[in-house]
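Every chain is named by a letter (A, B, C and D) in the order it is written, and numbering of its residues begins at 1.
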Amino acid sequence: MAGKRVAVIGASGYGGLQTLRLLQGHPDLTVTFLGGERSSGRRWSELVPFLPLEDDLVVRSPDPEAIAAAADLAVLSLPNGLAAGLVPELLQRGVKVVDLSADYRYRSLAQWQEVYAAEARQVARRDDDLCREAVYGLVEVAEARIREARLVAAPGCFPTASLLALLPFLEQGLIETNGIVIDAKTGTSGGGRAAKETLLLAEAAEAVAPYGVVGHRHTSEIEQLAGQAAGQAIQLQFTPHLMPMVRGLLATVYGRLRDPGLTAEDCTTLLKASYRHSPTVQVLPVGVYPSTKWVRNTNRCLLSVQVDPRTGQLIVMSAIDNLIKGQAGQGMQCLNLLCGLEAGTGLPLLPFYP
Amino acid sequence: MAGKRVAVIGASGYGGLQTLRLLQGHPDLTVTFLGGERSSGRRWSELVPFLPLEDDLVVRSPDPEAIAAAADLAVLSLPNGLAAGLVPELLQRGVKVVDLSADYRYRSLAQWQEVYAAEARQVARRDDDLCREAVYGLVEVAEARIREARLVAAPGCFPTASLLALLPFLEQGLIETNGIVIDAKTGTSGGGRAAKETLLLAEAAEAVAPYGVVGHRHTSEIEQLAGQAAGQAIQLQFTPHLMPMVRGLLATVYGRLRDPGLTAEDCTTLLKASYRHSPTVQVLPVGVYPSTKWVRNTNRCLLSVQVDPRTGQLIVMSAIDNLIKGQAGQGMQCLNLLCGLEAGTGLPLLPFYP
Amino acid sequence: MAGKRVAVIGASGYGGLQTLRLLQGHPDLTVTFLGGERSSGRRWSELVPFLPLEDDLVVRSPDPEAIAAAADLAVLSLPNGLAAGLVPELLQRGVKVVDLSADYRYRSLAQWQEVYAAEARQVARRDDDLCREAVYGLVEVAEARIREARLVAAPGCFPTASLLALLPFLEQGLIETNGIVIDAKTGTSGGGRAAKETLLLAEAAEAVAPYGVVGHRHTSEIEQLAGQAAGQAIQLQFTPHLMPMVRGLLATVYGRLRDPGLTAEDCTTLLKASYRHSPTVQVLPVGVYPSTKWVRNTNRCLLSVQVDPRTGQLIVMSAIDNLIKGQAGQGMQCLNLLCGLEAGTGLPLLPFYP
Amino acid sequence: MAGKRVAVIGASGYGGLQTLRLLQGHPDLTVTFLGGERSSGRRWSELVPFLPLEDDLVVRSPDPEAIAAAADLAVLSLPNGLAAGLVPELLQRGVKVVDLSADYRYRSLAQWQEVYAAEARQVARRDDDLCREAVYGLVEVAEARIREARLVAAPGCFPTASLLALLPFLEQGLIETNGIVIDAKTGTSGGGRAAKETLLLAEAAEAVAPYGVVGHRHTSEIEQLAGQAAGQAIQLQFTPHLMPMVRGLLATVYGRLRDPGLTAEDCTTLLKASYRHSPTVQVLPVGVYPSTKWVRNTNRCLLSVQVDPRTGQLIVMSAIDNLIKGQAGQGMQCLNLLCGLEAGTGLPLLPFYP
């Protein structure tokens, strides 16, 4: 096996589990280290008997020295604030890192400390240089830079779906930069595997509700990238809603067209052109609207555009699997690029349906 | 029993079933006629063994003469276009009508024919006078007029949730009349009881998807009432989404505040004042967001307001049970008013939870 | 208000919540005390804003003196082992008790200590006399004795559904006493409101699995009553399964007929006769099988019988709402009886459907 | 491409869709013909835009001549009774067939006509010889014979889960042949993609119910194979239940041990030995019970055994994905064998989780 060796840290949370699922059968990457504090010392097959790995490793405490001895690259799937304790040590030892948390998604430490104030109070970070060095891992936008990186911050699930819908229109100046509304809907697996009352089936089934209205943390992440695309600061409305389902994320994005003569067909053509080199993004014909079910278990983002000529509104609908293109799949695209492989290597594009 | 006698036409669809559930135990109204074409001649207890009625009637073909002989009032829960074939005959015979379909929701026949073009081609209607006479049965807005009516058109589920969120702000001129976005989420029971592939559990579970984007029929119904409240024509964006759950409807409504100094607390106070005489509408404290689960099996509408001072957006969240406050419960409020009773008589306000 | 005053202890768990829902609108009972350790000192409307009570009480620590001052009866909905700390004190002060836990379901303390060994290690109980005094609150079986009791132990959800299916056949000696199999299916609300990973929507949705196979605690509770009915000790197989839904419990009960000539019609007739005085039990016609959906939000048990003449097996299917007839509704039947009311006073028999 | 060419007939039903999903990326098999009456003439990408195939074929009417020109093998996923109209024609033209329907699951035409009487009235079959020739495609039992066959009848979903649990115990005479109870639970996708009221999300969600109690057609299929294993005719109890989920099937199988001294560990060892050459069957450690979620999107069957020493009952729990190991995956194992490949070629063993 001439491929690269990968460490997965935080292996038994949903991000880690999906990363492991995706890495099984990968032609060039092998999992050689499983890191986790809680389950340290336990053999994987005892811990998760239903998800047999090619190598039935023992989970180990995520010590940087041990990781560096075992792996060339590491995927970190840890609660916000914890990756920053590990990343400098790993980079120093030559281990490239894909981080699935928010720790390196902002271009300055100060901004992270502002948005993630609660976490920032728990940890002492001094890695502003790494915040500036890290590449935001939205592959469709930054493929070349990811390829050269040491540290990639994989985007959050909401930003991924929202930005893939918005960026082409902002880059080409086709919509007003104010008044943008993103109404997003996510399955409960986005809340992670730790037990919380609100995510119990008895509470979350047969229920739809908004949360984090005004000020959800992903707002700033979306605005940072949207502003870069538009070439000016952008403030927009982002409202997440919890759906009674496990997986899937739909962002319905509203913006006002600057040219009221643009049709849904025009906008569809434009989107297709923007993503002609991105096999992960599929633009649907006008009038076909994406279901989150059509992307389950895939690394695909489905987009569809509609225009209301009466109101001048552009509506872009964007569906992803929150744990794949919204998390572990995107992380694996980055991992592939760090290894000099095609971004999509080993990633599924056919949905688990029905 | 000195109360009024009620006929329920279309008894075995979801609208009819809910009406029957709600009428059981009503202190002043008694079901004396069950109408249905498909199940005509069958005894109720055979048809729906799990929902025993006080009087185990035989379902009969909805003949106006027979209905008038048996009942003082009728609730019609029929596919669009069919109520119009029955209503004139019933009114002529002195039977007051609450219609749950869209047939009398518009102030002119022409408008109905435009919006419901497919149905209009199937039926020959000449009852423009009744379209003008009918009262739109949004009780919180038109209670006095409903009380005097012969014919009430109960609003659709999406308009109910949307209008209760919007109307106070439009009436008082607090938001811009353009740029309004209504992003709505509904359970699958809104699609009715007839078998459709897209509403199968295997298709609709673990899936969220938009439908009827730009041009959904309820848009015109919302715009008609919104325009009346604002005193000017309004065109807005309405996007429904199908949720993987049976019941419940959430409308997330976005509008731009004219006065950027207004706070969420101000708007909450205003909403509370607007609905101080409406026990069906409950305004939540700022920061508490409504779940559709909190209104299941109730005739209640839960509202919550948030304001983003950065963007100047007002966000109003509105949750109802699509089959109760969004359909049969609202119909029963109208029925109560037609009988001189309190609107809320016999209607549940405590949710089925969890 | 000339009725009785009721304390509900453990008000914010599912058992307490259902009890409170059911007591709203009760013609003769009023909630005058809300007890809870965790939420002590908080006003109900803050704690559960979506379930407004007639009296918006402040939750208080469950002190026996305070309870006795405020209430004539108490419903205890506490984790196993904790009721026993409160019950003797309440009885001493003249407060009658309906306990929803397992603490008084066995006829001797020793048996409880054997089955609930883990809980027994945490608490020092010396109330063997109360174990013997307590009446097992299966109303269909023990109505007269409950009426005279001071302390009623409401049955568990699985025993309720299973025993209502089995007892008539055991009492009349129609089935073999060995080889009985109860295959039961329950919604996740049976696991309570406390956060557990296995009950997360992301884990429990789209999943069916057995648990507690051989030796589930409810086995002994079922066997105790089954043995009393049969007049001999019975050992049977009870296997619970977790269903991907909130509420509802179905027990499919298998037993071998002693007389192979008995038909499904014969057995249906017999069941109807057994329950002719029990409005909560409805026996369906042969060939109509109960859905848990048909009993949601009701205090009803639906039974259906089938017989396989080839194998001589009797199959009895029994559906209840695990939180109503399986818990709080049954408790309220007992409460009614303790107050000299009809058992069914204030209890719903029409399902929340669809 | 030196591999074999495969026709999939009935491509847009769930069986066909799963077969197509599984065949994408298969190293040795290529789909060269899509057959379907309803969607004949339409291009696949229009019909199912979210499931892109390597070759975007046009669906064609299933004419035997055309199939034989395009393919070496055919998978038939048609309603019961229809495969029999096509199979003789295909075999005659040298096309080997895997049939996913019940048409060739019985060893005589007469037996099929008895069990599938309704279908038998619609079609004139005279292919008793083919019924005798066809091999029942339970790979774990008949691998060598499938390898030599022309026509394979893939087992139903319930028989697959039930027989894998039962056969080793029957073959070795460890359980009584009478009194066996199979209590089975299935997701709604087992009912197919055609719209039926009972399978609507609004009806089937939040509901568990038995159906086909005594006399479900799969009973005879299970008994046929169970009898062969036991060396004597067997009559058993099979009760299916509909679960509120899309996919997954759990069979809980109860039988009485002949030797009361056998432990769960003994039986687990025995099962493991029986399936030591079957990578699709995984036997779990004693005390770990299978969830249907652990086999979603896999061709795996998870088994677990428990024994109750008090009652002498053996309980075997068996979980599969009803559309993969219970249908299309099993069909593809057979297809592989017909082509001289390893049975598991191209089949997934890692679950879609969570």
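One rule holds in what follows: a contact is a pair of C-beta atoms (placed from the backbone, for glycine too) under 8 Å apart; a residue touches a chain by one contact, two chains touch by 3 or more.
Values in this document were obtained by computation on a predicted structure and should not be read as measured data.
K.L.:
Give me the fewest steps it takes to get from subunit B to subunit D if each step has to go to a chain it touches.
P.N.:
The distance in steps between these two chains is 1.
K.L.:
Return the chains shared as contacts by subunit B and subunit C, ordered by label.
P.N.:
Touches both subunit B and subunit C: A, D.
K.L.:
Taking each chain's centre as the mean of its Cα atoms, which chain lies farthest from subunit B?
P.N.:
Farthest by centroid: D.
K.L.:
Can you compute the centre-to-centre distance for subunit A and subunit D, using the mean CA position of each chain? Integer Å is fine.
P.N.:
For subunit A versus subunit D, the centre distance works out to 37 Å.
K.L.:
Just give me the whole-number Å value for how far the CA centre of subunit A lies from that of subunit C.
P.N.:
Comparing mean C-alpha positions, subunit C is 46 Å from subunit A.
K.L.:
Express in whole angstrom the distance between the two chain centres, defined as the mean CA positions of subunit A and subunit B.
P.N.:
39
K.L.:
Enumerate the residues of subunit D that touch no fewer than two other chains.
P.N.:
In subunit D, the residues touching two or more other chains are 14, 187, 189, 193, 202-203, 205-206, 244-247, 290-291, 296, 354.
K.L.:
Going by the contact rule at the top, pick out the subunit C residues touching subunit B in the complex.
P.N.:
Contact set of subunit C toward subunit B: 14, 17, 21, 24, 49-52, 189, 193, 205-206, 246-247, 282, 284-285, 288, 290-291, 294-297, 302, 349-354.
K.L.:
Give the list of subunit B residues in touch with subunit D in this complex.
P.N.:
Checking each residue of subunit B against subunit D gives 14, 187-189, 191, 193-197, 199-206, 244-247.
K.L.:
Any idea which subunit A residues touch subunit B in the complex?
P.N.:
178-179, 181, 183, 185, 187, 202-203, 205-211, 213-215, 235-237, 239, 241, 243-248, 250, 252, 254, 256, 289-293, 296, 306-308, 310-311, 313, 315, 317, 319, 354
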